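Order as written gives the chain letters A, B, C and D; numbering starts at 1 within each chain.
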Amino acid sequence: MQFKAMILDNAEVSPGYWRMRMTAPAEMLEAKPGQFVMVRVNPSIDPLIRRPFGVFDVGTLQPAFTGAAPQPYLEILYRVVGKGTGMLSTLHANDILDILGPLGTGFENGPAGEEKLIVGGGVGLAPLYLLAKELVKDSPVRLFAGGRTKDDVLCITEFERLGVECYTATEDGSLGECGLVTKVLEQRLDATGNKGQIFACGPHGMLKAVAGIGAKRSVKTQVSLEGYMACGMGACLGCVCQGTEHSAENPDYRCVCTEGPVFEAAELKWEGN
Amino acid sequence: MQFKAMILDNAEVSPGYWRMRMTAPAEMLEAKPGQFVMVRVNPSIDPLIRRPFGVFDVGTLQPAFTGAAPQPYLEILYRVVGKGTGMLSTLHANDILDILGPLGTGFENGPAGEEKLIVGGGVGLAPLYLLAKELVKDSPVRLFAGGRTKDDVLCITEFERLGVECYTATEDGSLGECGLVTKVLEQRLDATGNKGQIFACGPHGMLKAVAGIGAKRSVKTQVSLEGYMACGMGACLGCVCQGTEHSAENPDYRCVCTEGPVFEAAELKWEGN
Amino acid sequence: MKPAMSVEIGSLKLRNPVMTASGTFGYGEEFSQYVDLEKIGAFVTKGLSLKPRAGNPTPRIVETPGGMLNAIGLQNVGIDAFIQKKVPFLRSVNTPAIANFFGYTPDEYAELASRLDAIPEVAALEVNISCPNVKQGGIVFGTDPNCAASVVAACRAATKKTLIVKLSPNVTDIVEMAQACEAAGADALSVINTLTGMAIDLERRRPVLANITGGLSGPAIKPIALRMVWQVAKAVKVPVIGIGGIMSATDALEFMLAGATAVQVGTASFVNPAAAQEIAEGMEAWLAERNVADIKSLIGALEG
Amino acid sequence: MKPAMSVEIGSLKLRNPVMTASGTFGYGEEFSQYVDLEKIGAFVTKGLSLKPRAGNPTPRIVETPGGMLNAIGLQNVGIDAFIQKKVPFLRSVNTPAIANFFGYTPDEYAELASRLDAIPEVAALEVNISCPNVKQGGIVFGTDPNCAASVVAACRAATKKTLIVKLSPNVTDIVEMAQACEAAGADALSVINTLTGMAIDLERRRPVLANITGGLSGPAIKPIALRMVWQVAKAVKVPVIGIGGIMSATDALEFMLAGATAVQVGTASFVNPAAAQEIAEGMEAWLAERNVADIKSLIGALEG
């Protein structure tokens, strides 16, 4: 779906991290956790290519006391890293964006009742909030959120409000455990005897470590990957990653934008990607 | 001079025409009527090249009742014709622009007491307001303002407030005389026996007609030209126009940006330009 | 009055001059949610080879000022999977599909041309000659007139369908290339493919693309493409298809004035998946507003 | 620690690698109000010919996506007026001035080279070979290796000063051109001049530029320039000067990684007249932050 969204709110939630709420058609409410949108930052040619962002949240505004109709909305959580995200952060309420989405294949929820371990690094938390919202409906959910410093650990209160038990770790020890979040994840898996399944999103190094933990402990692990995307719909073949069986002779490239961004970690080749 | 200007106000004064006030260094107050500024519309590469605009007005804000320091300002009057001017019209107070100027050679005032005939077509009025402000100090000033319709005849009230006697003409007769403003100019010259001198800015066809009137009646005529400019400082040689003596063998190109934009009409070749 | 929008490329009749460019529109199906495929003139499928090809490692794409570089490395499913998995969709759409293809020897080119000739759903063939000739030590077919002519002649002998040759802009003299391809039997020329470029990641001190260099496309290249279309259209009799940085109806019409009979929209489909359709509609509206009865009257109508 | 910023081009020592490009910085004086000329490595003056030249009719300039086309037509004051009117300013500035020049026959090139050789204020010569050879029916010197070599050899014989040859990007094989110029005696190569492009005014059905085609410059061409610098720097021993779309210190450093010993800033000076100085300062700051002791260590330091 392609639509024009009107920005409702755009605020810095932690230094360098912004949360933007915008209007969306009602179809957007069907977005699956892990799906993403491609945002055209402005109508000029700079930046030219759309920028992909996970769906952080969707919902419907119920205007109180006014006769106005309910307004479905979409939220993204983004980190300012370059030109496009920099420009996004200068936009105001009432500005208009052109959006494609929801795109891609999201997370599979897994069986009800089973423990769900969500692992997020930095802005990798973005697509995990909508996931947690889904999972808490029928399962106990634990969040393992990591970052370099406390400024990189986002929206924990929101997760807690869902009833998610939150664990945090920072590399500089400014919040939660000092070190990598994967350590905290392993402690939990040790404690439960490798129960449940893992859902992860974050920097590539973290995903690789999580994939390794999942493989070693035979815990089903889904990861949400990034890739440099031009189209978001399987046409440009820019975003591909390598499946387990990939070799030069037997190519097994997967489109991150359509087959992913969420993959079973076990399907992917972790050296090449 | 290169400086950052903060927009103070940006308002549509007639359909398609905008007036923008912005902060400026005190040196800007020395701008001569007819000089211009080069505006970088935004820091992106779209648009890439600066856009030239005449200095419409300069002045100093005297904040009332506050302790704030007086703030020199610059005003431009612009018509939305394409990408750059379109983007300018979307800017708000507090947005920042990068400005070069004042640039170029402005009008020569001419002797005190002599009648000054100012001729402006459409947005060509822009650099003539500051000129009128100067000229009214020691001379009787008449303005001949033309446009296609009444929407193209701008800021007449402002000129009247200076004490300028204003004549208007529109091609569709929606304001003032029906027809070309040059007709009204000629009527005045007939009436005075070709007294005074002419200052003109507007579309090329109008300037050519005015130059012809000045030449035929031996009335000194200064015109402010446009040219497609990249640098505004005599370096790119993009903006040139042809002097009277120009020929392929004896090139006589003049830089509109440094030798102009104001030229004596008699110095220029009117067929080639 | 509704302007006449149809144009002909060889024996192919298009309802309007707007096609989508190879490699930027998948096999058509990917965009069917965003574009009414029956509102565009034709679509060109991703470049095909005899065997499936893995393509290059990632990163394969990077944005550059006003454009993008791609080094996909011609990843594609190969002709067999194309027939099995992609052709059925082509059958379902009432718009000509043009198959873009490439090889590493003239024989490979000819074999592909003859296999594509046999597929009724393929309306025309577009030969991509911007590939290295493995027999001649890697010289790119599309940069040497003799080399290019040999490929075109081989394909010509293998197909009766409209044969479009897509020229590389990375040459000193595009007119010489165009004339060599015309003489060798091309029914039309697509001008241009991407310009070779490079991007560097300063902090990592590495090329951004795993392949080091890639092909530059997008609005940045439009002035170069327009110049080449103008040069080629003046020098050949066959129709020229204008490609390069077309983002709007205005851009497309400019290419037609420069001499193009049709255009292809590439990178623009990434920026706006509905671009091709919107451009076709915009062109029609432009003509209608100006009472131009037939778009053909614009072809090469640039005044000097 | 202040990083060492100086580099050498032939016998010319520059305080830093940032020069301004010919045709975009006048004769230096025009920009002296905006740039501290003594903060940049060198400046290159507008292309000179033996006689003054009128240049092309207007319009001569048009903006394109991420770039601009110019068809100034090499308007310049000619060598005599240059000596009389422009050289005195060069004397007053403690920064090397490089004279860019062109001719229509190898003899004209040689005559200019010898006249410029005699001017002490001219620190080095930059030959623009992107001009048509009137003797050989208009073929552009810079697109034929033999033609280019003959020009370079003629200039080499006429000057002992550092001789820089500025290459045209409008060629199939820039390496072949670079090697021909190196063999003919060039001390350094400037890569690249503008790419030939065109813009059309749809409503008027005319080319925008009076000259029809013009030279494309600005950020749009950066990926092509970077690729060519990288190719040339690997293939020659003389220093390469990187040019094309450099807008920032990051851009300039990327060109150095690709193999450039110095860079030239062109179109950026129109967008921001202080660009060259800000780029030089930005490069130094970048090195200082990363504790890189000598900028020379970046030259060609791209990792594979």
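List of remarks:
The rule is simple: contacts are C-beta pairs under 8 Å (C-beta built on N, C-alpha and C of every residue); 3 or more make two chains touch, one makes a residue touch a chain.
Keep in mind that what you see is a predicted model, and the values were worked out from it rather than measured.
Chains that count as touching both chain C and chain D, per the definition above, are A, B. Identification of common neighbours of chain B and chain C yields A, D.
The chain with its CA mean position farthest from that of chain B is A. Averaged Cα coordinates give chain A a centre that lies 36 Å from the centre of chain C.
Note on chain placement: the centre of chain A and the centre of chain B lie 54 Å apart, centres being C-alpha means.
Distance from the chain A centre to the chain D centre is 47 Å, each centre being the mean of its Cα atoms. Residue positions 45-46 of chain B each touch two or more of the other chains. Shown for chain D are the residues in touch with two or more other chains, namely 65-67, 218-219, 247. Shown here, the protein chains touch in all possible pairs.
Against chain B, the residues of chain D that register as touching in their complex are 23-26, 30-31, 33-34, 46, 52-55, 57-63, 65-68, 70, 72, 75, 218-219, 247, 267, 269-274. Chain A contributes residues 45-46 to its touches with chain D in the complex. By the touch criterion stated above, chain D contacts chain C in their complex at residues 64-67, 69, 143, 170-173, 195-200, 202, 204-207, 212-213, 216, 218-224, 226-227, 230, 245, 247, 250, 253-254, 257-258, 301-304. Against chain A, in their complex, chain D makes its touches with residues 65-66. Contact residues of chain B toward chain D in the complex are 1-2, 40, 45-50, 98, 100, 227-231, 233-241, 246, 248, 251, 253, 272-273.
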